[in-house]
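Chain IDs A, B, C and D follow the sequence of writing; residue 1 opens each chain.
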Amino acid sequence: MSDAGLALKLLQLNASAPFNRWAGFEIVSAEPGRVELRMEWKDDAAQYQGFLHAGLVGALIDTACGFAAFTQAGPVLASHFQVNCLAPAVGVVFHCKGEVLKAGKRQIFTRAELHAESKDGIRKLVATGETILMTT
Amino acid sequence: MSDAGLALKLLQLNASAPFNRWAGFEIVSAEPGRVELRMEWKDDAAQYQGFLHAGLVGALIDTACGFAAFTQAGPVLASHFQVNCLAPAVGVVFHCKGEVLKAGKRQIFTRAELHAESKDGIRKLVATGETILMTT
Amino acid sequence: MSDAGLALKLLQLNASAPFNRWAGFEIVSAEPGRVELRMEWKDDAAQYQGFLHAGLVGALIDTACGFAAFTQAGPVLASHFQVNCLAPAVGVVFHCKGEVLKAGKRQIFTRAELHAESKDGIRKLVATGETILMTT
Amino acid sequence: MSDAGLALKLLQLNASAPFNRWAGFEIVSAEPGRVELRMEWKDDAAQYQGFLHAGLVGALIDTACGFAAFTQAGPVLASHFQVNCLAPAVGVVFHCKGEVLKAGKRQIFTRAELHAESKDGIRKLVATGETILMTT
């Protein structure tokens, strides 16, 4: 599939997920094995101190990883994901890059990095994560 | 602190988190080292197949673990969390029990189980997870 | 397969692994979905402070989980394992219980607890862990 | 500390760990935030199929991560580690690179890659892992 074809498929997949629409996940780029997402800050996404909620941190990482896996293996289901919270997730925009580490016949290993962008445009690594997905 | 005092603190904490309010997380019970949450299904919480989004699965597990840690250590910050997706998270209500495994001076190790309840009231284990939190 | 048959199979499996023999892993009990191992302290198993090396902690957890999975799914291969180091692993004997959390057709989710036993016979939880295994 | 000073400290640390000596872990290179280890195959390190035992895979990853953390934070203790088994660990030499992802005041986040080298000198990525360490 061409990169444009991949991007189109992912746009449809992303648009078909109600939570992704609510959260405002946007696909920035997609190529085989790599996908980048962005999400603008929204007040409803905060935990009690005003940082991005761990659920959203996890959702971004899981989605970037899942989309990266999709580019190589088609429909997949996450069976395990894990997140390192390196710094408070504070920013006006969040950027999440997912990539495939190893695509096997049954399992896809992926990892992602999440950067928070401040008002001044400075990006900071705030979380990393990994996801294991099963082919379907 | 009494169990009633703990419950009150957690209710305030939960109410102060915009994402928890949006998602509809409710505290069902709280005692030292153990907290149970519930969340009713909402359409905006779905991923593309209509299951509960992994982000919400993670948010429930992270929140139940964080609240359980709070009962023993006060304010804490998650540094790592991981989730096993055992079965599709499909149900009308979700129940998440978090418990403290080990509370150290600096780190709190916790784990949680997430059950999905069907229309018929049948509960099924759909995910397990663990969170490591730092005292503040 | 009977519990005795299971135990026999596991004894053969354990005896066929050179590292298990070197480390001195012994099977204490086996039933469908649950296996318990023990290992006596040996000086070569120490890290630099004299505690049981994390590699051995991981090996015990991985082996107890793998054997528990074997009782339900036959030959399996670990694809992911993780370990929480709750306390220094110091003792004269180590006891590791592994159990199956969910056995699917392709993936088996397992978890384990590692206790260290002191000279006085007191057991302390020093590590927990989880392993995801693939059927073969 | 100079890179030579770091290397010397790590050589002493490595030599002081009985299990590292038994396994034959050697330090290949060390600089702030990065350490590379190697280990030659030995028959006692095998699991039942003749691959490198998961305990050794974990030990290499844990040690490379711990040494990388040591270069930036001095003495540390692992509190969590996890390993992705991407391919059977088969080879005559194993190479493990550990690096610091984020060094905080209390926690150090690290990751590592393990390559197996065949008789023909071909290296293959067989495992990745992450370790969270606490400063002491």
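General remarks:
Just so it is clear, a residue touches a chain if its C-beta (ideal position, glycine included) is under 8 Å from a C-beta of that chain, and two chains touch if they have at least 3 such contacts.
Just so it is clear, the model here is predicted, and its values are computed rather than measured.
Interface comparison, B-C against C-D: more C-beta pairs in contact at C-D.
Superposing the C-alpha atoms of chain A onto chain C requires a rotation of 180 degrees, rounded to the nearest 5.
With centres taken as mean Cα positions, chain D sits 34 Å from chain B. Computed centre separation for the pair chain B/chain C is 29 angstrom, with centres defined by C-alpha atoms.
With each centre defined as the average position of its C-alpha atoms, the distance from chain C to chain D rounds to 22 Å. Among the residues of chain B, those touching two or more other chains are numbered 79-80, 82, 84, 132.
Those residues of chain A lying in contact with chain B across their complex are 13, 16-23, 43-48, 53-56, 58-60, 62-63, 66, 77-85, 88. Within the complex formed with chain B, the residues of chain C that make contact are 82, 84, 86-87, 101-102, 104, 109, 125, 128, 130, 132.
Put simply, chain D touches chain B in their complex at residues 79-80, 82, 106-107, 132, 134.
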